[in-house]
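Shared between the two complexes below is subunit A, which pairs with subunit B and subunit C, respectively.
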Partner chain A sequence: MITANAAAVSATRGGAALAKLALRRGERSLLASIGLHGALISASFVSVFPIFWVLVTSFKPDTKAISPQPKLLDESNIDNYLNVLSGAKGDFLGWFGNSVLIAGLTTALAVFVAASTGYALSRFRFPGRRSLLLGFLAIQMFPFAVLIVPLYNLLLGLGLQGRALGLVLVYCSTTVPFCTYMLKGYFDTVPTDIDEAGRMDGLSPFGVFWRLVLPLAKPGLAVTAFYAFVTAWGEVAFASAFLSAADESKTLAVGLQVFIQQNRTEWGHLSAASILVALPAVAVFYLVQRFLVGGLSAGAVKG
Partner chain B sequence: MAEVAYVNASRVFPGNPPVRAVDNLELAVADGEFLVLVGPSGSGKSTALRMLAGLEDVDEGTISIGGRDVTNVPPKGRDIAMVFQSYALYPHMTVAENMGFALKLRGVPRTRIKEKVGEAARMLDLEKFLDRKPKALSGGQRQRVAMGRAIVREPSVFLMDEPLSNLDAKLRVETRANIAALQQRLGTTTIYVTHDQVEAMTMGHRVAVLKDGVLQQCASPRELYERPANAFVAGFIGSPAMNLKTVPLTGEGAQLDGVVVPLPREVLDAVAAERLTEITFGVRPESLRLVGADEGDAVGRAFELTVELVEELGADAYVYGSARVGDRPERFIVRVDGRTPPAFGQRVRVAVRDLDEVHVFHPETGERLSG
Partner chain C sequence: MRAFLVRHWYAYAMVLPVVIVVGVLVLFPLAQGIYFTLTNINEANIANPVLDRPASYEFVGLQNYLHVLSGSESYGAFWSTLVRTLIWTFGCVFFHYVVGLGLALLINRPVRMRGLYRVLLILPWAVPPFISVFAWRYLFNSQYGILNQGLATLGLPTPVWLGQSDLALFSVMVINIWLGVPFMMVTLLGGLQSIPHELYEAAEMDGASPWQRFRNVTLPGLRSVSSTVILLGVIWTFNLFHVIYLTAGQNPHTRILVTYAFERFFSGATRDYAVASTYGVLILSLLLVFVMFYRRAMRRQGEVW
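So, the complex of A and B:
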């Protein structure tokens, strides 16, 4: 410590070139610090401000929402929220229920299917394994808009068109490949010795998966669950095409369109509804984020 | 408790050409025996163990435990417990849960599990750690938990796959003795895989040496040391390794730098029958000794060595030196008294301590020729 201080003192005497050398590991110069913080602050502002403005707008009446001289508070009150929740502007709570059901089912089904597929891909060598993995990757490249027509025909054939279950299956078909890829990567990090120890201890192959590998893959499961939930929660195109036009079968993302009409947009109500829609996604993230910790398998094998 | 038998068991990995990781293994392990499988890496020793565990298929032949053919029985039906090189503890369970997991799966009542886990923990000095997760344990403690997990189940056979290779040298020696003592006390048939020949020699009742998937010799440690079946076993067992040199033959024995080391009659007969002009001559570093200039008669039977390196280990010193064999120099290792080692560059005379300690092998097949 003393020598380090002495070096710093001599460095200030010796000028800028030496000062650079005197910086210890992990230390930054003032200029670098300013640049770094500047970049971080502006990036944070860019991402936070729009959401902040939606929040601000959600308390304003529709007439004051768009104004040449916007103010933070302009006759702000909670009427928009009351109107949206009371159903005066459409069956908001009904849509909410639909969205919860569809997104919840999608999450449960997608994570279960992706986890079992991912485990098989991670642990077993079977014919077609490589092409399956490649296929999952290639499917990600498709623009989902081109899938609407073929999926519509499929659902019609299955008698699921206009039903929530049909939409759940459609969402699964888009989320499962991605989730499988992610979980396969995660399972790869769980040592196979654990599987073998479990089999020696008397577990069946499915028991190994269920009682040992899944608990160790919680962070991976949390991320995929969140991804599946958010995908289904905020999706508009499939939901408008595959659900019946009846008001009571809409999801939230589709329902929000009632606030945007041909001649006028109810910005205040739309913002309030948007905030209400975002809350469950935040809640789900809050639920899963505590599993987003590394090092769950620490201590399994000699590290 | 049970005996274990491999009958012509092979494991063939597909490929071009297919790899015979374990080739026609024929091995019988008695009830209560501690058998060590030893060999260099890639010798198939771990594969042989995993075949017994049911983690690796048996492509040819059969394996039986306690007289019951288990060739196609899944691991959980074999009544065996295994200690892995990496320990493979369940990181999301406490030490107690790790140790009791197998019993829990069998539906043993909770109080009984607790009792048995406590018993094993006492035996392994783990009582203080029962509520900890594996990540909060040191390497040695994890190793003991892995042992405990195997003990609690009271299996008919213990399998251990290099369980000490992740420990530091001091702890390894200590744990080595503990495992041997534990096995003695429990009397459970144990098959132990290692690449460390010192572990093999000190722990096993019998040691099976493998090379390239083929069993070379299975015998007691003393027998392996004194009568290795071939040149590979001779070179593998013993530290430092046996001096193995191809030397020309004369009528009476092996020609070493102007000295003829006499060989027993039956060896010379065997050599003559094969019409060999050369043999692989083996002598352990501890079977050679330095000959003083005053030993008169012995000097004539000693060959000359130029000292190139001296390793001093305290009690002993190993002298590396070169001697002429035929028309080329060969390096020999000699164990000498640690208090009076020769100096670098010095020329010393070396003789075989006892002619019974000379090993003779076929120069091509490596098979033992001496009796």
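So, the complex of A and C:
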């Protein structure tokens, strides 16, 4: 904690001091270089250490994970991973499957529904456009607490309470407006000349959208899909409340809590499970993050 | 009318799917949720087709609002919870922004291994948040967490970070700041890179000091990105549930408005849906008021959005 603050402070201070030197002369003194790298290294350390420590812990037996003298290696082996994957400590693969299913369905549905609307909002000037855009923005503000009871009521009525499909519907309430907004930002970056050329060649507006613009916006679709997936993947409140308490219907975000409930602090196993969840997420994240930022700011900044 | 339809029907047809989804999953529930705040709905009287039970809740007027706004402890101590929520929100967003901007400025300079630093610095954003929260709980553990073991080695006091004290609020804020800095850093970096280089050169020609260049070129250049990310940050953090819930559970010292709403909805024997909805409506109203003032303030500064 103290290190976190210290790094933050030194990072900002270092930044101001360095800006001075470098901009004046075009190159840095040795001292400035040391300061700059020092600040960046401490910040990187703070950012990486918690995850690194989980990685280290994931190889330790549970008893060593709570040892008063922590070491990097302490009877480390891969038993935790084997136990987690074999289901000896809760239905990990089942939770994983549920998470993939729920997040995947949410993503597919949201992007499918949102794409054409995002396009219409980007290209057509029709009465009601502005209020729709404002409405989608306003929905980003909704606390889940305002919708949780009526949605629970709705799921009860539909007989979907406690079921994965019900949770998908619930997630669509937030992901659909968000995806629409993001996709609008992407379609804005596709030049309108393409649409006009398509219309000249006799395509209908739907044809233009489907055959010309959509293929061009593929990176945007991918990033939007990724964002929707991640949101659903990590959601906790609705997943805790709307899935049945049975072990096999849980998602990862709910299931992993089992490891550290009262009387059961299996930090070694929790860490192994965490690494298994985090690895694919981190890999995909680094593949798409370049586009993610562009998309977010494009969607957010242009009205 | 006819001409109107002929002209716009494509647009409306394309917008329709989302309008239906939003109508069914957001607008109708919103209206119903607001109505629920005027009733005494709870687990015992909500309609439940599985149990073949019709709804039997009753209209009670503004009673829920009176209970909640009285600030009574049995209704979540609204006013002190609100103060805590504000500390949490503005504390987190302030440090997100300041640390994010500092790191963006550092990483925006030509520096060796910049790519590597960038990758390391956005790691907290890449890891699923619930995983990071577990990691931090482990670090913060008062007996065997590495933080306290480090402090003990240095001969410093080893507090109970996540116990029943205000230190727990501090700890969850640290976790959330760690989680949120990369997003700010990356968006602000994008903003920094879009500031034309000529502006800096011109400022330098005019003999502006580095601080003046930062004040008069960098900050104004970042204004539109900043106003957006700060607004988003405030809204997200105000509504942020999972960090506190997964770290501290129902610790009253980390209770903010949304976590209390969830407590009322889900926990224990209470399952008081009416009070949960009342909290939801109050949170939404607070955010709407905030956004109104924020927009007005931005507009006064010449920002058009």
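The rule is short, and it goes like this: the second predicted complex is superposed on the first by the 236 of 303 C-alpha atoms of A that agree within 3 Å, B and C clash if a C-alpha of one lies under 4 Å from a C-alpha of the other, contacts with A are read in each partner's own complex, and residues count from 1 in each chain.
Everything below uses one rule, namely that a contact is a pair of C-beta atoms (placed from the backbone, for glycine too) under 8 Å apart; a residue touches a chain by one contact, two chains touch by 3 or more.
Everything numeric here is computed off the predicted structure, so don't read it as measured data.
Using the contact criterion defined above for the overlaid structures, shared-chain residue A:253 touches subunit C, although it does not reach subunit B. Applying the stated contact rule after C-alpha superposition, one finds that A:54 touches subunit C and leaves subunit B untouched. Of the two partner chains placed by the overlay, only subunit B lies in contact with A:191; subunit C stays clear of it. Looking at the shared chain after the overlay, A:101 reaches neither subunit B nor subunit C.
After overlaying the two complexes on the shared chain, residue contacts for A:200 are found with subunit B alone; subunit C is out of touch.
Contacts of A:240 after superposition on the shared chain: subunit C is touched, whereas subunit B is not. When the two complexes are overlaid on their common chain A, residue A:216 makes contact with subunit B while staying clear of subunit C. In the superposed pair of complexes, A:121 makes contact with subunit C only, with no contact to subunit B. Judged by the number of subunit A residues each one touches, C leads among subunit B and subunit C. In the superposition on chain A, no contact is made by A:160 with either subunit B or subunit C.
Judged by the document's definition of touching, subunit A residues 204, 296-297, 300-301 lie at the interface with subunit B and also at the interface with subunit C. Interface residues of subunit A facing subunit B in the complex, by the touch rule stated above, are 191, 193-194, 196-204, 207, 212, 215-216, 295-302.
On subunit B, the positions that touch subunit A within their shared complex are 53-55, 74-76, 80-82, 84, 86-92, 101-102, 105-106, 133-137, 139, 142, 149, 153, 166. Interface residues of subunit A facing subunit C in the complex, by the touch rule stated above, are 1, 4, 8, 11-12, 14-16, 18-20, 22-24, 36-37, 39-40, 43-44, 46-48, 50-51, 53-54, 57, 65-70, 113-114, 116-117, 119-121, 124, 126-127, 129, 132, 135-136, 138-154, 156-157, 159, 161, 169-170, 172-173, 176-177, 180, 204-206, 209, 230, 233-237, 240-241, 252-253, 256-257, 260, 267, 270-271, 274, 277-278, 281-282, 285-286, 289, 293-294, 296-297, 300-301, 303.
Here subunit C touches subunit A in the complex through residues 8, 10-12, 14-15, 17-19, 21-22, 25-26, 28-30, 32-33, 36, 41, 46-50, 95, 98-99, 101-103, 105-107, 109, 111-112, 117, 119-132, 134-139, 141, 143-144, 146-147, 149, 161, 171, 174, 177-178, 181-182, 186-187, 190-191, 200, 204, 209-211, 213-214, 224-225, 228-229, 232, 235, 238-239, 241-242, 245-246, 257-258, 261-262, 265-266, 273, 276-277, 279-281, 283-284, 287-288, 291, 305, going by the rule given at the top.
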